[in-house]
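Listed next: structures, encoded as structure tokens.
In the two assemblies presented below, chain A is common to both, partnered first by chain B and then by chain C.
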Partner chain A sequence: MTATQSTGWIGVSAPRREDALLIRGRGRFIADVSPAGALHLAVLRSPFAHARINGVDTSAAESLPGVHGVITADDLEGIGAFPTVWRLPGQKECHTPALAPGKARYVGEPVAAVIADSRYIAEDALDLIEVDYEVLDHVVDVEAALAEDAPVINEHMGDNVIIEYTFPGINALGVAGDLDGAFAEADEVITGRFRIGRYSGVPLETRGLVADWDDLRQTLTLHSESQVAHLLRTELAAALGIPETSIRILTPNIGGAFGNKWDRYPEDILVSLASMRLGRPVKWIEDRRESLQATVHGRQQLQEWQLAVRSDGALLGLKGRVLSDQGAHLHSVGIGPAWVTGAAAVNQYKIANYHCDVLGVATNKTPNSTFRGFGGPEAMFGIERMVDKAARKLGIDPAEIRRMNMIGADEFPYFSPGGAVYDSGNYPTALAKALEAVEYDRLREEQAALREQGVRRGIGIGSYIHVSGFGPSAILGMLDYYTGGYEGSTVKIDPHGRATLYTGMIPMGQGTETTLAQVAADHLEIDIANVRVVWGDTDQTPYTGFGSAGSRSNVAAVAVIKAIEEIKAKAVRIGAGLLEADPEDVAYGDGRISVKGAEEMRSLTLAEVAQQAYWGHKIPEGDQPGLEATYVYDPANFTTAYGTHVAVVDVDVQTGKIDWVKYVVVDDAGTIINPLLVEGQIHGALAQGLGGAILEEFVYDEETGQLLSSSLMDYLLPSFTDLPDFEIHHLETPSPHTEGGFKGMGEAGCFPAGAVVANAVTDALSDLGIEVDETPVTPARLWGLINAAGG
Partner chain B sequence: MAETITVVLDVNGVGKEISVEPRKTLADAIREDLGLTGTHLGCEHGVCGACTVLMDGEMVRSCLLFAVQGAGAEITTIEGIGDGGELHPMQRAFSEYHGLQCGFCTPGMILAGIDVLRRNPDPGPQEIREEMGGNICRCTGYQKIVESVQAAAAEMSKEGVSA
Partner chain C sequence: MKPAVFSYSAPESIEEALGLLAEHGSEAKVLAGGQSLVPLLNFRLARPAHIVDINGIGELSYISSNGSLRLGALTRLTAVEESGDVSSGHPIITRAVSHIGHRAIRNRGTIGGSLAHNDPAAETPALLLALDSEVTARSAGGERTLSAQELVGDRFFETSLGDDELLTEIRIPALAASSGWGFQELSRRHGDFALAGVAAVVTMDGGAISSAALGAFGGAYAARLPEAEAALVGAEAGEAAFAAAGERAAAEFPTTSDVHGSEEYRRHLIGVLTGRALAEATSNTGGENG
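Up next, the complex of A and B:
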């Protein structure tokens, strides 16, 4: 790549502009934000899973030197809580309060907050708060929570069922399947029962906040890592009872978020309120134990499926029940991830007959909410395990049964009985490419030979769809999702012809600043060095109600393209006047405005036109001076990224340990903006998928309700030696639904990982008849299965 | 408030006298008292490696040491590597090979990478994975960090630089 270049910025591995600060340790993360005179807040959290709070005595804490104040639930008169954004019909209200009012419902739930001169003193003061807890019976298992005599966690609900939502198997065209007919026609009915483990994003940087209330101006500046600052601002204003215009949210560098920082949290209210009441800046940095207890968890589901199949391998119908273990309260997205599981469960297959009941169930655990993948990986686990079980039962190769049931490349748009519309793709080709990359036929032969030598090699296949680019706002409305699915972008050309782009997206490691600059440079046909990207300030950036996610660049990029189209059209109108030509005869190209056919002679640079635009001397009638545009892009439809993964593993039956032999990914996310960054996103998402497949788990003790994995010694993040090298291949089927053809891609890597591992391990142990139906497949769990099978 | 102790910390070649409570960690002292915020805190219990600094050339976790234990040692943080304004080859390699995403683990990773090459100037991928196993990254899946360290090793051997 040359030092300056005006075209072809899409599809190249442009160096990340984010790196210059980060590799020097000069990023500015939330813990690095330290206003003069800042006080420090610490949160007292419930040590019990379920306990009535009969009284909180803060007197000793308040009299400790250096303590400035204590906040308890009694101090929250007039202060609201954050609503659940996704409010499905029939969903009982049990949103997360700012401080446990009268009762704590999970270990780690905030009970009080102390504000002091230093974090050290604030924590000393926590020890001095006396809470009169009356411990109640608790329930941490989702099935036990459904029992008639189970302790009721939210009394007003009457029981622990938050919602029972049914997917009736009617597609977007209103066509219903015939599930009974499918099961009547079936030669076999395959059943599966899957426990998908509770784990989460666990960003290396915990959450944190710095609030700074200016009493004279009556304004709150909040430094926050929220992935959706504008929505936080809207909801925070409502909770605090102050005008939204009084709040400015600034976003520092984010040390990983993975969906967990999308949610609004009690501390957003507590830290803001502390600053308002004390008139001083207040800082709170979550420690790791708090983070594991009180930052949202994800995934955990108990699924039961029945798959009707014909002896020739045709998948006729799918029926299921998904119990989503929601924890004690609904958090920002309600049961959203489990809803997505129900919507996506038929995956890439032509299963026309479908029914699924999704139950959101309360337990005495941390709320289960937003985490990269958002219900998709859970769906893929269910269906991809079921397809493998069917293949084994029918004696058909697992690759072949997938191929024969996949939606064909000529069948798009495809209206799935889960309600989704798939836009484009070539599923069989992705599968074939993955099989070719691992040399599938040779592997199968080798596998048999190795088995004779005592090596248990397994091959696991997992295909996936990722419905991304949420979403047309009108459809979100129909789904009772109370925010919009659009992204806005403002692009301003300065009088020297350089561009500044304002986005509501919040970078959290994906390189959003670089990729959006690439899109702008490509479409303005100027050098990327002449594009500045502004993000992370609600005073400057366009509103987004959906906020940043690894799969949002595709929507945000279109907003940039559309704004630039308006700028180019205006530049042509102004330029035509200056060139004394008919606008019809003038075109934008190579960063210039030129008379068509006379580009050498009659041409102006973008800078020359921009200068004129700001002088305002010769503005065409109907135009305003200046050269900027804002475009809010609401996607016309969802985009569907997809692909296939294949893992090859060796299983040690003595220890239950899994060794990686190979891991191949074929991924199609439409048009790729930056191949190097796309690879990085796939690697990272896959690492998180594999983490939950083999290691990561929030373990609760049934007897005490305690979270046992509340340090990184117990909650195991995958390390260098736990993960394989990944081999990535791409297809590029541009989405017909978005300008530019981009599909969301930051999450897809984690989608099939759990199923792929479970399928590979099951394959390796096929002679023992072991079925891996629970994640994570830790050595201990796997050894238990092997031992029980007499292996 | 507890008594404070005066201690001189020699960080990145600059000695500075600070007054700290005995319980203050070295990481907190580096960040708060010396203002060097490139040393990050990810777990504060010695697992993640984000707070890695070099102490007399050895990799240590500054969250597991008290500030007073840093007295008398030469400490190097991410701000102290490289040569004047020049980036260290390890820093350049991380950027070029996309060995970072959010950048939170990166200072510790870069110092750990330098530490590996100090002990073995030409490690293979598996050696790098084993040697760096004490540093956690949540974004990259590690493969591109391994590539970065290998690239830095090649670059340093070409330039005749030692870690």
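Up next, the complex of A and C:
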């Protein structure tokens, strides 16, 4: 893209402007931030899953040369902790403390922090801290945590149930469906019990912080990788008891975040506090072991479903219970992901009668919180496995049962009994396109022929919805979600006619800088090289309480469009004065302000008008000098991305190993801003989805409560050699709910992946009657099923 | 993840290194490629007071072949993998080494370090067992020769080397012209430590197997599988013999469990992989290889 271009920037595969910097090693990450005189912090973490802390002796550590201070829970008087922003009715309070107060509740929970001249000395000092632990019984299994005699993790709660939330399955009129009737009418009731494994984002760049307190100015500069720096600023000010005006948060490049860095963490408080108390910059870089233990985990659920079906394949009713394994504390979003599971579980299907109980359950494990997908992939696993089971039971092809139950293209907006309003799409077409791409009928024939030769090939289908574009703030309020869903953008045109765009979004690999520049260039009708994007400084950027998420560009993009509309209107008013024309007769186009019908003769460039705007000599009545605008866009409604994936796999029954044959994605994320970046996001999300489907798992030892997957030798991330080639096709149904028609797309790739793999493997082993109902589908786990089935 | 305090020396000759080992005794650790030792240091699972870095000892790095193969202990795994001398006479080594971690690890990791570390899931110890290899260990007091079995046999993450001994050379005898080899491993991802693996070397007499050596890994320790080997001698190469050997292999394998697989699963895998390695070995006898 060398030639300059003034129009049509939306829909173009512009290369990422971030890349030159990152590829040439000129990116700047937290570890690169090293203020002079910085001290280093290290965290002492509980080696036990559940232990009373009867005393912490720090004297030896404090007297080690090079140690500047030690912080224990006793030193936190007057210091708060971060709240849970999602506070559903009936939810018991058990938010994450900054340091375990009197009791450690999971392996890796922060117990104390040391600040020293170097990380080496700090770690030597950790060895010298003597903690008097009284080891308590622990519980790491969610069902065991519900037992009468289970150890109670948060005593004040009385038991381990944090919340029991019911989705009553109401329709658009607020009336609950007839679930009993549906089950009475059913020819078959299909049951399923699914264990969805615990895994997480595991960003290549771990968390890190550099805090720098300026005693004279009374300001705290915090370098952080938070995806939502403004919300961190607000909550940090409250926790530290200092004015928010004192805090400036700077965000450098981020080496992966995946939702995990949306949360606020104990270390945010500890590192800031250390700098304030010692009057020196303090740096902390999370090491890999800490990252696996102490950055939030995700996904883990135990689901039980019952699906009422008619013999012709009609899905009549769905009821279920979702046990969300929350870990020891609620983290920033509470049981949010599990709530989303309950809201999304009916997926693309016209299941009129629905009921779901979602239980948040405490266990002695790392908190389970924000992770790309946020409850959606879990929901898709449940429903897509259930639909496959129904198809098998009824002898209907799994593609056909989906097609016949899908919401039709003419039924939007569709009010789902999960509570979401689906905006638009064509679900059956996406399915048909996916089947066509894999040559479904031929594939089925080939499968039968291969089976004769002893090759077990399986075909798995998974459809999904992704409710994105969170969300209208008023609705978030109704959901007891204590932050807003809007996104702001400030656009300033300089006197030379170039644009600078300020966003609260944080690029973390998804190409935000490029896509927002594209939207701005498209709407200003100028070359993208003339748009600069400023991010990562809370002193400069508009407030956002929602911040960056994989599926937020759609909201931020509208804020950019709206701000630019204001700028263009003002440019027209100023330009009309200069052109001595009636503003009604003047229009903005091609980066110029021109008299309609006389574009050749009576026309000014944006730069000419901008120069005038800053001279201020001829500003129309009612306008101010300058040419800038801020728009805060609060989405009118959610958008619903959707699609269908199909996987083809071969299974080695002797070893339980899966080989990829093919993987096809059809998705619809509305209007596409940048096809190249969309493809990249699908690849990444899919890798993450398939990682959780076959490789990634945080395994806890029942006996000891230890996290066994505490290095990357045991927590297995997928690399490209572990993944299939992805074949991607798009539909593009612009969302009627947003300006521009964009839907969120950064997460959807991971949505059906687990179900698709489980369905494919189940299909491959259909003669053995094996049902793959647990993820990840590891060779050992799969062989266990095969062996039990006598295969 | 920073190591505890240690002192460090970088000898430039074997003699110098042996002197340092004699001086520091059990307080010392040899540092070769560091691919296993450095993580252990960083996790503070190993806390040697003194590190003897042997990377500057050029005389420990060589590959020489005259049918049998001699490898200096400090020879990098990549050098072994890329050596024509190795692949022409002992292609099973080339193949096995390609399964060790990833290229970056093999660029630093050494054949001696891999053997001395003796991870039960590592390829090298079982491979060298199957190849009837021997090693030279030197100390300030002298030099001794040990068979691979004497060095690593029945041991878990340790060897029979004394604290003051340095592994200097590995010797692998030539393979018979009528021999074939097979190497089968199952790991979660390519480059991971094996869930289970088998190295097989067989000698054929027409269609019958005249001798077999099986080295298995991924259990409690690297092991030869003598029962399975005995069952193969004199047997006609084919599915029946492989299956019978596989059954015995599974039964005698010193299995173990971890996050990636149970004892039962690993035992089963050794049976399957023994059969596959034998099928491979008997199909490439006479110098051809896969």
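As a working rule, the second predicted complex is superposed on the first by the 786 of 791 C-alpha atoms of A that agree within 3 Å, B and C clash if a C-alpha of one lies under 4 Å from a C-alpha of the other, contacts with A are read in each partner's own complex, and residues count from 1 in each chain.
To be clear about the criterion, contacts are C-beta pairs under 8 Å (C-beta built on N, C-alpha and C of every residue); 3 or more make two chains touch, one makes a residue touch a chain.
Values in this document were obtained by computation on a predicted structure and should not be read as measured data.
*Asks:* What is the contact status of A:M386 with respect to chain B (first) and chain C (second): first, second, both, or neither?
*Replies:* neither
*Asks:* Touch check for A:R288: first (chain B), second (chain C), both, or neither?
*Replies:* A:R288 sits against chain B and chain C alike.
*Asks:* Quick one: is A:V85 in contact with chain B, with chain C, with both, or with neither? Answer first, second, both or neither.
*Replies:* neither
*Asks:* Touching A:D32 in the superposition: chain B (first), chain C (second), both, neither?
*Replies:* In the superposition, A:D32 contacts chain B only.
*Asks:* In the superposed model, does chain B or chain C contact more residues of chain A?
*Replies:* B
*Asks:* Regarding the shared-chain residue A:L76, is it in contact with chain B (first), chain C (second), both, or neither?
*Replies:* Neither chain B nor chain C is touched by A:L76.
*Asks:* Of the partners chain B and chain C, which touch A:T721 in the superposed model: first, second, both, neither?
*Replies:* Both chain B and chain C are touched by A:T721.
*Asks:* When the two structures are overlaid on chain A, which partner does A:P65 contact: first (chain B), second (chain C), both, or neither?
*Replies:* Only chain B; A:P65 stays clear of chain C.
*Asks:* Of the two partner chains, chain B (first) and chain C (second), which one does A:E123 touch, if any: first, second, both, or neither?
*Replies:* Only chain C is touched by A:E123; chain B is not.
*Asks:* Given the touch rule stated above, what does A:V202 touch, chain B (first), chain C (second), both, or neither?
*Replies:* first
*Asks:* If you lay the two complexes on top of each other, which residues of chain A touch chain B in one and chain C in the other?
*Replies:* 120, 287-288, 711, 713, 719, 721
*Asks:* State the interface residues of chain A toward chain C in the complex, per the touch definition above.
*Replies:* Contact set of chain A toward chain C: 119-120, 123-124, 127, 287-289, 654-657, 695, 699, 708-709, 711, 713-714, 716, 718-719, 721-722, 778-780, 783-784, 787.
*Asks:* Tell me, which parts of chain B touch chain A in their complex?
*Replies:* Touch list, chain B to chain A: 1, 21, 23-24, 31-32, 36-45, 47-48, 50, 77-79, 82, 87, 91-92, 94-96, 98, 100-107, 110, 125, 128-130, 132-146.
*Asks:* Touching chain B in the complex: which residues of chain A?
*Replies:* Result: residues 15-16, 18-29, 31-32, 34, 65-66, 120-121, 201-206, 253-256, 258, 287-288, 508-511, 676-677, 679-680, 683-684, 686-688, 711-713, 717, 719-721, 723, 725-726 of chain A touch chain B.
*Asks:* For the complex, which residues does chain C have touching chain A?
*Replies:* Residues 1-5, 39, 43-44, 186, 188-190, 192-193, 195, 258-262, 264-265, 268-269, 272 of chain C touch chain A in their complex.
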